[in-house]
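In what comes next, chain A is part of two complexes: it sits with chain B in the first one and with chain C in the second one.
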Partner chain A sequence: MNVVRNAQAGTLESSDALVIVAPGKPGSGLHIEINSIVEEQFGDQIRRVVEETIDRLGIRDVRITIQDRGALDYCLRARLEAALNRASVVD
Partner chain B sequence: MEGIRFRSVSLSGRDGERVRLFLEANGLKLEPRLDYTLVVELDGEIIATGSLAGPVLKCLATDPNHQGQGLMEKLVTRLLEEEYYRGNWHVFLYTRPANLEIFRSLGFREVARVRDRVVFFESGPESIADFVSALREKRRMVGGKVSSVVVNCNPFTRGHQYLIERAAAESDWVHVFVVTEDLSMFPFAVRYKLVQRGTAHIPNITVHAGGQYIISQNTFPSYFTRDPNEQVEDHALLDVAIFGQYVVPALGITDRYVGQEPYCPVTSVYNRVMQQELPRYGVTVHEVPRLEVEGEAISASRVRQALRDGDCEELTKLLPSTTLNFLRSEEAQPIIHKIKESSAPH
Partner chain C sequence: MTANGRGRIRRSMLFVPGNNPSMIQTCPIYGADSIILDLEDSVAVSQKDAARRLVVHAILELDFGGAEIAVRINSPLTEEGQKDIETLMEAAPSVFVVPKVESAEEILDLDSKLSAVPIGLLPILETPKGVLHGEEIASSCPRVWALSFGAEDYATAMGVERTRAGRELFTARSLVAMQAKASGVAALDTVFADVNDEEGLRNDTKEAISLGFEGKYAISPRQVGIINDLFTPQPAEIEKAKQILETYRSGVERGIGAIALDGRMIDAPVVQRAERVLALAQAAGLLGGGME
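== the complex of A and B ==
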């Protein structure tokens, strides 16, 4: 999968997350910005979910911005996958 | 949250008046030139509202009796969705410092602030850090006198050329920023090209696009409306704060050259604010008297008037050959036609 345009999924309401993905320059790798109300406790866990998802979908150069409002892992994963699907063309 | 309804409204008509009254009750003004307005109503009464003007979220307010219910989060989500739908992924917002925490928790990052009155935020994948790192790549010297000039050039006149030549003669390097916003008679691509052509003979110069942060519609909306109101000073302070905090260190700027402003009240406020604020960032401001022709300062508005009048003789006095040549080209004709039909200051 290849991210070719900007896309978003999710909301800023509590227990949700707003995910924005944008294409990265070739070779720039994964660029994650996480802003979370529970960053101290769950920042690493959120990062892990993002890295796993990116790996699984075989995406390389992408910028991901996450506004987390306390979303559970599966919610975050769903939002992220939805945004990536909207942003991508399948090779 | 029973009975709560989100609705986009048109500001012409009764809803416009209701939004204006609601904002005023919450210490805000209904600003001109809004493209989209949402209201949140409870049993028909407005309890929150927010608007868009290009990529900027504006006129956001929640009734104090309904705060802490997640209304602002819902409202901002919807406004952001509308921005994304319109293709604006880099979104800006002004707010009072009292609202700082709420917008931070919604993912907005502080760019700059004006005293204790206004905080300027941005959100989205792109940020001012990208702008700064792009600028750093264009840094030309370490040490020495590095000057800067910010120009709109609608169009490029002998006055602009004189100001830039003078800065170049007195400096080791000059960075010229051309205002990017496409709100002038001459589109950005043309203004930029004319600055490049008219300064091609200067060896120690870099011409930049001003971009999103140097006199843009986001940071300095009143520059384009030319309404001399109380916001002008805040906008000017914000523009200068961004310049001082980000542009100055990225390029190692030591001096800024500006043309004296005899006519426009907005620009003269801007010049005064620069004189007052830029020295804090180690920048010396040089206000250069305008180049005069026949006892009258050269200005782009004088050029546009001459274009309206079809006064070729006057144009030859005001413009360098590079701009004159452009005006004779095919590409210039629709622009000249548009100027003839308008009397706007821009």
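== the complex of A and C ==
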């Protein structure tokens, strides 16, 4: 999977997250920005979910912004996959 | 494909919008026998892809307790429906609720796509053509676990207004219940659309029970308790069912072919109805541990 355009998925409703993805420059790797009401308690967990998903999908250079409203892991994974699918072409 | 999902108790089946994480996470607490994660009418066309990912991960990662997990897909005759089938196979919910089915061929085509994946099918008949082909749809393959009726689209297709009394639905509802029974599957009734009208829901559910339906769709958590209560046997019915089965078993043990209780012969249909009453009572937690 190769991220070629900006895209987003999800909402700012409670228990959801708005995930925005954008292509990174070649070799720039993964950049994550998290804006969450529970960042102090769950920021590391959110990062882990993002890194696992990116790794599983074989994506290298991408910028990801997450506006979290208390989304559980399953929801974060789903929103991230949807945003990445919208932003990508399959290799 | 086995038909082992046919005997499951489905008094209430609660629709939950498939793109709403808050509602998906809280739906198990309302006590519906089945939860239907919806990808069809409650999801905007622009959000179908996101809803699919959410429903897949919800099924794979959340604990829905003892509820059966179903997914209402878009019609398999549409592009969105084909994507639903392809995507949801990885999560393998118990059941696909299939809207606007009009022929046995649609079910057989879906059956071949699902191949060995053990997903049951609940077709909704919601057009005049679908209602008229109910028996062949229900009998088309063992994967069909129940037949259900959808009133809103049916009324639209007939060009009639839905009324509180529901007279305009009587023939179609009766036909669907009859076709289901003729095919050996359960009959599930349409939604009652006014979530603020509890009396209307009670009357509509009683009407469904009187026509032979064994469960009903719900579109609000507030409807689940009322529907479950009405489809759950009363204590006197449960007691009577126990007496019937005890008398019948005693007759079988003594080698008596025909036996009576309170002057009424107990034959196979009477025994089957008694077993059904106790199965419903057990599903409602009224029998304690095992079936008595």
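Keep in mind that, in the parts below, the second predicted complex is superposed on the first by the 91 of 91 C-alpha atoms of A that agree within 3 Å, B and C clash if a C-alpha of one lies under 4 Å from a C-alpha of the other, contacts with A are read in each partner's own complex, and residues count from 1 in each chain.
Here, a residue touches a chain if its C-beta (ideal position, glycine included) is under 8 Å from a C-beta of that chain, and two chains touch if they have at least 3 such contacts.
Source: prediction; values computed, not measured.
A.B. asks: Considering only touches as defined above, state whether A:I37 meets chain B (first), chain C (second), both or neither.
C.D. replies: In the superposition, A:I37 touches chain B alone.
A.B. asks: Of the partners chain B and chain C, which touch A:R77 in the superposed model: first, second, both, neither?
C.D. replies: second
A.B. asks: Given the touch rule stated above, what does A:Q67 touch, chain B (first), chain C (second), both, or neither?
C.D. replies: first
A.B. asks: A:N6 in the overlay: touching chain B, chain C, both, or neither? Say first, second, both or neither.
C.D. replies: After superposing on A, A:N6 lies in contact with chain B but is clear of chain C.
A.B. asks: Let me test your reading of the model: by the given contact rule, A:L18 touches which partner, first (chain B), second (chain C), both or neither?
C.D. replies: First partner only.
A.B. asks: Identify the residues of chain A that lie in both the chain B contact region and the chain C contact region.
C.D. replies: Shared contact residues on chain A (touching chain B in one complex, chain C in the other): 13-14.
A.B. asks: Which of the residues in chain A come into contact with chain C in the complex?
C.D. replies: Interface residues on the chain A side: 9-10, 13-16, 71-75, 77-79, 81-82, 85-86.
A.B. asks: For chain A, which residues count as touching chain B in their complex?
C.D. replies: It is residues 6, 8, 11-14, 18, 20-22, 33, 35, 37, 63-65, 67, 69 of chain A that touch chain B.
A.B. asks: Within their complex, state which residues of chain B touch chain A.
C.D. replies: On the chain B side, the touching residues are 70, 73-74, 76-77, 80-81, 84, 89, 105-107, 123-126.
A.B. asks: Quick one: which bits of chain C touch chain A in the complex? Just the residue numbers, please.
C.D. replies: Chain C residues touching chain A: 20-22, 25, 49-50, 53-54, 56-58, 60-62.
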